[in-house]
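In the two assemblies presented below, subunit A is common to both, partnered first by subunit B and then by subunit C.
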Partner chain A sequence: MKADIVSALESITRVRGVRGAMIVSAEEGLVVAESSMEGIDGAAVAALAAGVVARLARATEAAGRTAPAFVHLRAGAGGLMAVPGRGDLLVVAVTDPEVNVGLVRLELRRVAEDVA
Partner chain B sequence: MPWEDAVSIEDIRVLTGQLAADPSSLVFLPLGEALRRRGQLEAAEKVALAGLTRYPELADAHDLLARILGDRGDLERAFDEWDIALRLDGGHAGAHKGIGFLYYVAGELPKALGHLESALAADPGAEGVAAAVARVREALAMPGASDAASPPPGPVAGAQTAAETTGPAEVSRAVFEGLEGAQDGLLLLDAQGLRVGGGLSSPDGTPVGDAVAAHLAGVFRDAERAARLLSLGPWSSVAAETSDANLFLCAPTPESLLLLVRDNSVPIGRLALQAERASEAARRWLEGAA
Partner chain C sequence: MRVIEPWVAEPLQRFLAESAARVVLLTTSSGQVVAQHGFTRALDVMSASALGAAIMASTDELGRLTASGASRSLSHQGSSRGLFLAGFDLPQGRWIGLVVYDHDSSLGLVRLFFDRMVEELRALAPVDPPAREVLAADFENELNASLRSLFGR
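Presenting the complex of A and B:
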């Protein structure tokens, strides 16, 4: 099962400009599986991504909207993208600034649908 | 006699001595509260945080920290701490009172009433809660009265200050004049999560600007922290897609935050362009207001 997850994550990291991808337990902010996270603190990514998504979910709920299905934090030297999967899982990618956001989003969604 | 006068320096000295003699004792709770009441918020927060490292699952400790954070004006973190307290103890009177008051400040009267009633049920003698329940019920009975009503007695001094400074008169309708969604779909807030301009309604037309703004201060901090800790450089925007709306968040200035909300038929790329124009307007307005 774990090999399947890592293989699914590799479809994300194959996209040019993606530094790493991981599956995170949204509630606990912990890493479930990761791929190609060299030079990146996976535990920090998990905790921070889960935090940003949870905060946004509260904001969208307060706005009378549904929870976010895709989140993109853009920064000067890169970005963080997240798509909620089934149950408590979040699929997350850390990217370079120059990346095809649409392509990464597609891969994140595909993995989110595949990984139970 | 005001409470702060009733708590003497000698009381604090005694409590501090007791805590020093037995760092694992629960005396940090009255000590932190005494410091808070005397306005020594930094010292109070240190005491509360030290207590929480020993008793992370003690609802009273989270309630104490929430009140201190509230006094410091950090309402978002205060909300989080009361939320944790309620997860640990669903009937915690102080946490219900605190969250009820924050909901009131945010204009979410039904939620405010629910929490204040729970606080009253848990502690019928709690200071000011019965009056707060009565006031919120009264506000609910009068359509549109929530904007005009003064807030009920709050658990934290900072929250009362925030309520006083975020009344409708303080929120500018003119910031985004001429832009699409100037009154509904564009929000300008400060770093503390207080709405200073624009407006936002839920799909059923309920004004939700203040409530959303209060939550966004936390997003602002989390985005900043994530970008910094992951060496991503300064963050520039956060975009989110939901099944019925797209949202775009950016910081026109280091001390302000702008939220743009549109129907999900408007692509994020277009939101980014609209947000850029709105940010320019916000900067102009903020410079003029300074």
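Presenting the complex of A and C:
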């Protein structure tokens, strides 16, 4: 099962510009599985990404909208993308600044539907 | 927030701000209170510190029995609040942190920023704390003095 999940995550990390991908427990902010996260503190990314997505979900709920289906955080040196999956899981990708956002989003959603 | 050791204040304040934890209690491994945030009654602090120290002692022993080593942390997720309990070593000896958080935070965030707080405490801790014998006669006086400091009365 774990091998299947890691294999699914590799479909995300194969996209040029993706530095790593992970499945995160959204409620607890803990890493469930990760792929190619060299040089990245996976535990920190999981905790902070889950926190950002949870706060955004609460903000959109307060605004009378549904929770975000895709979150893209852009920074000077890179970015973070997240797609909520089924149940309590979140699929997250850490990227370089130059990345095909549409392709990463597609892969994140596919993994979210298949695994998370 | 109330602290007995002044050098604990800044790292603890940063931890509270970053983790959004509701309640924090720092004690020695014997249950003596070093700092607290979020408690309103001295009795609650005394109970929580004694229970935290007892839980850590039990899990450490369980770790030794099962050869999994001393326990680093444990967590409990309730329906609305979570509890995180962790031991860490300083020049002053082993301390215990008890953290209560709710939906504004998560176990991952608490663990992340707790580890950072411990690193800061290690960097700020006085290197050669004076060694002293703990006498039973002093214990109650020290406990009462600590609680007066923590609750300002």
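We adopt the following convention: the second predicted complex is superposed on the first by the 115 of 116 C-alpha atoms of A that agree within 3 Å, B and C clash if a C-alpha of one lies under 4 Å from a C-alpha of the other, contacts with A are read in each partner's own complex, and residues count from 1 in each chain.
One rule holds in what follows: a residue touches a chain if its C-beta (ideal position, glycine included) is under 8 Å from a C-beta of that chain, and two chains touch if they have at least 3 such contacts.
Given the structure is predicted, the values throughout are model-derived calculations rather than measurements.
Student: When the two structures are superposed on subunit A, do subunit B and subunit C clash or fit side by side?
Tutor: Aligned through their shared chain, the two binders clash on subunit A.
Student: After superposition on the shared chain, which partner residues are touched by A:106: those of subunit B (first), subunit C (second), both, or neither?
Tutor: Touch status of A:106: no partner.
Student: After lining up the shared chain so the two structures overlap, which partner does A:66 touch, if you call subunit B first and subunit C second: first, second, both or neither?
Tutor: Touch partner of A:66: subunit B, not subunit C.
Student: Once the shared chain is lined up, is A:46 touching subunit B (first), subunit C (second), both, or neither of them?
Tutor: second
Student: Tell me which partner A:29 touches in the superposition: subunit B (first), subunit C (second), both or neither.
Tutor: second
Student: Using the touch criterion from the header, give the chain among subunit B and subunit C with more contacted residues in subunit A.
Tutor: Larger number of subunit A residues touched: B.
Student: Using the touch definition from the top, say if A:75 reaches subunit B (first), subunit C (second), both or neither.
Tutor: first
Student: Taking the contacts subunit A makes with subunit B in one complex and with subunit C in the other, which residues are shared?
Tutor: Of subunit A, residues 44, 48, 51 contact subunit B in one complex and subunit C in the other.
Student: Show me the residue ranges of subunit A that touch subunit B in the complex, using the header's touch definition.
Tutor: 40-41, 44-45, 48-49, 51-52, 55-56, 58-60, 62-80, 94
Student: Which part of subunit C faces subunit A closely enough to touch in the complex?
Tutor: Interface residues on the subunit C side: 77, 103, 105-109, 111-112.
Student: Which bits of subunit B are touching subunit A when the two form their complex?
Tutor: 106, 108, 200, 202-204, 206, 208, 211-212, 214-216, 218-219, 222-223, 225-227, 229-245, 247, 261, 268
Student: Which stretch or stretches of subunit A touch subunit C in the complex?
Tutor: That would be residues 24-25, 27-30, 43-44, 46-48, 50-51, 54 of subunit A.
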